[in-house]
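For clarity, chains are labelled A, B, C and D in written order, and residue numbers in each chain start from 1.
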Amino acid sequence: MSGFDKVVSSFDAAMEGLEDNMTVIAGGFGLCGIPEGSIAQIKKMGTKGLTIVSNNCGVDGFGLGILLEDKQVKKMISSYVGENALFEQQLLNGELEVELTPQGTLAEKMRAGGAGIPAFYTATGYGTPVGEGKEVKEFNGRPYILEESITGDFAIVKAWKADRYGNCIYRHTAQNFNPMAATAGKITVVEVEEIVEPGTLDPAHIHTPGIYVDRVIPGTFEKRIERRVTAK
Amino acid sequence: MALTRDQIAMRVAQEFQDGNYVNLGIGIPTLAANYVPQGISVMLQSENGLLGMGPYPTEDEIDADMINAGKETVTAITGASIFSSAESFAMIRGGHVDFTVLGAFEVDVNGNIASWMIPGKLIKGMGGAMDLVAGAKNIIVTMTHADKHGNSKLLQECTLPLTGVNCITRIITDLAVMEVKDGAFYLRERAPGVSVEEIQQKTAGKLVVEGDVPEMTFA
Amino acid sequence: MSGFDKVVSSFDAAMEGLEDNMTVIAGGFGLCGIPEGSIAQIKKMGTKGLTIVSNNCGVDGFGLGILLEDKQVKKMISSYVGENALFEQQLLNGELEVELTPQGTLAEKMRAGGAGIPAFYTATGYGTPVGEGKEVKEFNGRPYILEESITGDFAIVKAWKADRYGNCIYRHTAQNFNPMAATAGKITVVEVEEIVEPGTLDPAHIHTPGIYVDRVIPGTFEKRIERRVTAK
Amino acid sequence: MALTRDQIAMRVAQEFQDGNYVNLGIGIPTLAANYVPQGISVMLQSENGLLGMGPYPTEDEIDADMINAGKETVTAITGASIFSSAESFAMIRGGHVDFTVLGAFEVDVNGNIASWMIPGKLIKGMGGAMDLVAGAKNIIVTMTHADKHGNSKLLQECTLPLTGVNCITRIITDLAVMEVKDGAFYLRERAPGVSVEEIQQKTAGKLVVEGDVPEMTFA
């Protein structure tokens, strides 16, 4: 089954083929479950003009935020941004474009992109700035807007464990956007805490089947916590 | 007297029924989890992908992979389930969440809500708010009745960009409980010691007062 | 957590509220993973004029096929039918209406119904009898047809294990249409091989979160095999 | 000589490349799994919800909960994954399956295929065929070149209700391998001992023959 062995040995190999002006879909929510090594690799490569699709854009100095330092990002498609000063500054300077998308619509756009559904109707955003310019259609007397799907040249994903065939599982709420991102990349790169042999993961409990995955790379993770709150 | 934040949260919690699945926004809504009445259980949904959110963790329990929609470290209760954000919003959009409680800048008599964007100020995004107001069966808005300058947040028509249209049915402020229907705010309860006149004066949109309006009671 | 205890003690209670002319979505593929007890209960109740949404309609004398015996089914929405003589006969007699729907479109219609998406575009069926009368729209130069979602008054689902809160897991390929069916019923009834206490199932590996489930009932299953094929 | 069913399947299997995800329809396509060349691995997808379908079970292994899209008892290989039918068709519709091999009643020069419905006969349904032909990256049709009455199945325009449009790029029959492009069948290979003339005669749609057409080879 050598043709199904997706494991690569370096982040250089994992991100090979990434070029200026490409679209990259990134898993993660806040700083939870983000593909730290792939992001670092993009920074190292210096790729410019990127469109990044991710619920958030990290913080100053961590997560996707580090791609702002050398102005590698042309456009963010996100539901919530501005946890970082650099982001705010580049946005106000007009150096960065932002397409704000409701969180559930964003998740569904990625899922639809991976599933070959070019567009779907949702009530989310009807009558708001999000709905402006979009097709409206009534179903059962309620108006809905048409939202188009998203696919990327690359998807960068963080999983807990993957086997050599690319079957992945996620840990706790680090799952978040990762499974949809994994389906929506022309090339999907999954970085993992642990690589296991095929057969280790229960076939019925695989979150991302290997068919969606092109490259698997073992990573090391800082797992920075954005809001550490404890019980009193 | 106007209610405190915790008192608003207490009053919100009185709305819950046993077995409700509830999504609580950041701020006052989150506090409501502390005041769920005796004998009532609710299960908290966190839109990043957690059903059955528990309390904040102890120092020993903290896990970077376990956070809530506010990006805070959190725990899961026994019987929780964890899933993708697409699945999470399928629940929300599909109307499976019984209650959503969230804050707002403005609400109007047609049930429109503005809660995410103030033109001229830096816009951070709507997060899941638009999905939540479009999807939940019952939405409760919690906020102060007026802003710090005394301007009413209960309007005839929202002035800020909207989060959702025709979706708000219940509002709980520091002064009152109101139902939104038929193009008006219907006053249902007053905060203890707050007069109908004061509420009337601080409500810019059409307010309907039917009969004697009872004071809220707290157990 | 008594408000979340979904377990009921009889199929009478499980199917309470089912009335003539309702729509019932049924999980299962062929005879695999079908809600045997709920189907038997519908037969016992004698409810008529039902619209059944299910990939198949069982066989003569087993599965959904038994609902044909007393002509309880007005309409089937399925991708593949006619494994039973009674079905064929009622169809030819005009006693039974069939809406043939491609298998993937059927699965997605149920998923969309449960997820609050009233309609989506798909390439499946464009230019075929399935696409007739449906809206067509081009995305990236390819034509797609608009398909509307499906919801049911009841969904009847077969799971392997469920806890009292309705969290379910499925066994092997008996998963099939069950997870989508579970999301798309106004009242969702899950019959299971085993009821377990909350906390028994790993939260990250639950196939159907309890929020979708209204009633859980322990069942007994014949698990008839439609095509027994063995290695030579 | 026209190929046997097994020989057609053998020729189909030569199309596979190492690492391909493949969905095989009922009949001849399923046989192709028996002839995957040495050194090549493919993973079989079964559209009810199984990636990594294995051989038929032994009597001891039979499990009613483990079936394939043809409703036959089956096994899963090490490293398989099992999922819902919605997820399964997300893979198919999203173009993640590399090859689909399926039978047909008719194919035409525009890559249209008719495979599910004969008016006047009882219609059982399309199952997953419409999704598969709309979704897979490469589709191979396997069939006999002509029906039992000698009528060509390779037409200028399909006469039966379609399964999909502009989707067939490769056809492997008992007589020939053909590519479908630019409104014609391009003859690429002949079955051993079958003349171009015979293929021409049994092909009703436009057939393009370029240079010497090689015979198929079997290892």
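Convention: contacts are C-beta pairs under 8 Å (C-beta built on N, C-alpha and C of every residue); 3 or more make two chains touch, one makes a residue touch a chain.
If you're wondering where the values come from, they're calculated on a predicted model, not measured in any experiment.
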Steps in the shortest chain-to-chain touch route ending at chain C and beginning at chain B: 1
Centre-to-centre distance between chain D and chain A (centres being mean Cα positions), rounded to whole Å: 35
Euclidean distance of C-alpha centroids - chain A vs chain B, Å: 29
Between chain A and chain C, centroid-to-centroid distance (C-alpha), Å: 32
Numbers and ranges of chain C residues touching at least 2 other chains: 108, 111, 115-117, 122-123, 171-172, 175, 204, 207
Junction residues of chain B, two or more chains touched: 76, 82-83, 89-90, 92-93, 134-135
Pairs of chains satisfying the touch condition: A-B, A-C, A-D, B-C, C-D
Chain B partner contacts - residues on chain C that touch it in the complex: 1-4, 111, 113-117, 163-165, 167, 183, 198-199, 203-204, 206, 209-212
Chain A-facing residues of chain B, complex: 46-50, 55-59, 62-68, 70-74, 76, 82-86, 88-90, 92-93, 112, 117, 122-131, 134-135, 161-166
Residues of chain A touching chain B in the complex: 29-33, 55, 78-83, 88, 91-92, 100, 102-105, 107-108, 110-111, 122-130, 160, 171-180, 207, 223-232
Interface residues, chain C side, partner chain A - complex: 108, 112, 115-123, 137, 139-140, 142, 144, 148, 169-172, 175, 202, 204-205, 207
Chain A-touching residues of chain D, taken from the complex the two chains share: 17-21, 40-43, 45, 51-52, 76, 78-83, 87, 89-97, 134-135
